[in-house]
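Note that chain A is present in both complexes that follow, paired respectively with chain B and with chain C.
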Partner chain A sequence: MANQTEAGPRKRKAVDGELGVDAVTIMETNQLPAEEEDAIDSNPNNNSVGAGASGTHEVFPEEYEWSCFRDAEIMQQQAAIREEAIKVPYVRDKEPLSALAAEFELGSSILKEKIRLLGEQYTALRRTRGDGNCFYRSFMFAYLEHILETQDISEVERINGNVEQCKLTLQSLGYTEFTYEDFFSIFKEQLESVLQGKETSISTEELLSRSRDQFVSDYVVMFFRFVTSGEIRKRAEFFEPFITGLTNTSVEQFCKSSVEPMGEECDHVHIIALSDALGVAIRVVYLDRSSCDNGPVAVNHHDFIPAASADGSTEPFVTLLYRPGHYDILYRR
Partner chain B sequence: MSTPSRKRLMRDFKRLQQDPPAGISGAPHDNNIMLWNAVIFGPDDTPWDGGTFKLSLQFSEDYPNKPPTVRFVSRMFHPNSKFVVCSILIVYADGSICLDILQNQWSPIYDVAAILTSIQSLLCDPNPNSPANAEAARMFSENKRDYNRRVRDIVEQSWTAD
Partner chain C sequence: MTSSSAPPRKTLSKIACNRLQKELVEWQVNPPLGFKHKVTDNLQRWVIEVIGAEGTLYADETYQLQVDFPEHYPMEAPQVIFIPPAPLHPHIYSNGHICLDILYDSWSPAMTVSSVCISILSMLSSSTVKQRPEDNDRYVKNCKNGRSPKETRWWFHDDKI
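Then we have the complex of A and B:
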């Protein structure tokens, strides 16, 4: 009983966010005998429990019983990163490639050389917010901007066919239609509006402002997540070995925890699935410190060519710059 | 005013009416579609059998991109305690719930029926294979009898609580 009353106020502090102080007391509560486990007070005023803002890890007192000081520090750091991230728009303004050079001015010589080489083929970059959705967000803007600039109606017709196919895939997988249809229609609306000469047509500025609007932007990101998840589940046999190697979970669990929730980062597997499902080739240019022992430094890239268009002639028009943990958009010369 | 979240909630409601999962019911308040009441019946052949558990679901305009706040309304638990239903579902004294799909694993693929079914199915299967919480898993295997006794207390309380 004594433990109960003591534990109460102490645990409350964890909710108040005094992580540093509390980490110590948490280690103390770890010592409580197992049957005291459920006698520990949870703060009745703690509205955050269950409130569950998506993508945030709230401070749950009970998590501390299974964690240690280091976890608290990591959570604090993650919160700081999220706070930092929301200060920049989802999709930023186009910047000359020299902005990248300036960023790495004091960086490694390999990176500086690679940026110089990038400058031979690419003129500009457009950064996206590092919130775990950066791949999808970059892809969204790069693709729609390409359609807006080229007015490639046959490409729009082609992708519309694929989008319909993706809908059928989700249907056949047993997804409830009304849970995904809004996301599909918001994407199709954007696709429709980048084609010019209609009442609904939009300019590049408007595309940018929509891509920065939380509602439109997040709905399109979620559309891509649905498409990616549907493709992975449909071809579960093909993807299974990659997924098992990557996360040691089932295809089902992988889709539920690493594809469908917002803010879950995109890996090679996701890109293959999205590119295949929509039939859009994607080039990813890697800016990292890798280099060959002999020979000059070269910038690696990988082209994701959709399985359906294996004629080899597909030159990707969506080009993304990958730096470990993040994707931005690259513009060619 | 018809916003995307309200329109979506109407469809959630329609689905729940037309095709209600076994042992689950739910409906929005007459004058507020953002606030729902729901009831989960304890699954047969589990210690939860016979219990009727009332919940409330509070939605925001960010639904379905953000999850609702779900809590048990019936005062099921001893004050100043929390109940570890299983390694991924914890219910607090004030009824609030800690469940991955209602926090960082949320996705718009879940509708109201799916949320309630998930909670119900975790009552069925109090020990899902979740390596994340080995501690909780161990507690169940060691204290199975104690766990079942506590669940029966909760079930009996659910008959009298309002």
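Then we have the complex of A and C:
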């Protein structure tokens, strides 16, 4: 279907970006608000199964004028939301956890209690732009900031080994080298530069500004997407049941349509794959309105521990806060 | 050169230029079956000849694809259209615009010109009827001002063709 306005999904993802600004509203309407759903009935992602999906127009002639009018409106709306989203950097400044409490002042009592509990373990958060890449951008910053602060050279050597392994994986899966090499080298450049004492070394401020730079940030996000996709395909048998349960598509189709394109959101499957491939443990803390029927409110979290380091001793140093549809970075006490 | 829509005119970034040079070399060594790149000195616009596959509705028919690369290729998708006359196909408009998700929202930098070509040929090959999209006239009329297909809000509902 060809409607004369700008591409659809960007908008849906920009809406997700509203989370930080107006989390209460979004939390209340966990799924997309009804009118929004209506406005995006032409969203390719709702119908598309990835490579090969194609289609035509289905507006009846008598509805056409109206549909054009509506499209023009949608286009304006989309542009406004996009502009709003662009004002928010990919990675924002660190904020005390009290900022989160203030945001939920009028929210449900369960959420307020959970935020109070979060405060016992965490001191600060750093928000990221909600454009469908927030998981990867959060992970990028949290990981590199950790290396910058700890100067853990053995960890850098370890991850470099895994990165090389990921390259081999992509090669053996038949990816042409030029499709991924630039993304790998941009990531390795960032990793190299957070280690101090070299001409290329960078400070936390510079890391932040690079993480806000579209080129660097997008290339690193894409590096993670390649790594994630490679891991899922390499262990297709392991991931298949998760994927068919989630989307009813083949592993390959899933990678093509839900992992490799920019802006496609990150689910459990992606996190497992990325964590395993890079050998980095990730803690995801869930902030939602779920609660146990009996017993006090507790904040749930899940640790993604890489399959290779199954000795259980790995305490994740990357901690992300998940709210339905969005990831931010959390800082421990 | 014929053009039915305004191509992106910003010159290629250095990284885009390097990537395209590698794609071109790879294409020359290992061209996708059924396609021929028409050599020009313009790296930013490729014209590619497509030959309909044997045993399909488009057997032995020849068409031309025009591929324009944006400044930030491959982060951004190339613009791919048929130079009219475009094949008669339910998802190809008479102005050459193609309704195929990988050219728009499902584009990924993991794709290449070659893989896009293969997807287009597969879309042609699986067609069971030679006809224009239902909204062809309306759409083409609305593109008269030189609108790029990348500015269209596409709806991909058909995963069979």
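Following the convention adopted for this analysis, the second predicted complex is superposed on the first by the 250 of 333 C-alpha atoms of A that agree within 3 Å, B and C clash if a C-alpha of one lies under 4 Å from a C-alpha of the other, contacts with A are read in each partner's own complex, and residues count from 1 in each chain.
Convention: contacts are C-beta pairs under 8 Å (C-beta built on N, C-alpha and C of every residue); 3 or more make two chains touch, one makes a residue touch a chain.
Since the model is a prediction, treat every value here as computed from it, not as a measurement.
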Partner chain(s) touched by A:F183 [first = chain B, second = chain C, both, neither]: both
Partner chain(s) touched by A:M222 [first = chain B, second = chain C, both, neither]: both
Partner chain in contact with A:Q121 - chain B first, chain C second, else both or neither: neither
Common interface positions of chain A, toward chain B and toward chain C: 4, 8, 42, 44, 47, 49-58, 175-176, 178-180, 182-183, 218-219, 222, 225-226, 256-257, 260-263
Residue ranges of chain B in contact with chain A within the complex: 4, 7-8, 11-12, 15, 64-67, 69-71, 80-84, 90, 92-94, 96-98, 102-111, 114, 133, 135-136, 139, 142-143, 146, 150
Chain A residues within the chain B interface of the complex: 4, 8, 34-35, 37-42, 44, 46-47, 49-58, 60, 62, 65-66, 175-176, 178-180, 182-183, 215, 218-219, 222, 225-226, 256-257, 260-263
Residue numbers on chain C that touch chain A, as the complex places them: 15, 18-19, 22-23, 26, 74-75, 90-91, 93, 97-102, 104-112, 119, 122-123, 133-135, 138-139, 142, 147, 150-159, 161
Contact footprint of chain C on chain A as seen in their complex: 1-9, 42-45, 47-59, 64, 71, 74-75, 175-176, 178-180, 182-183, 218-219, 222, 225-226, 229, 256-257, 260-263
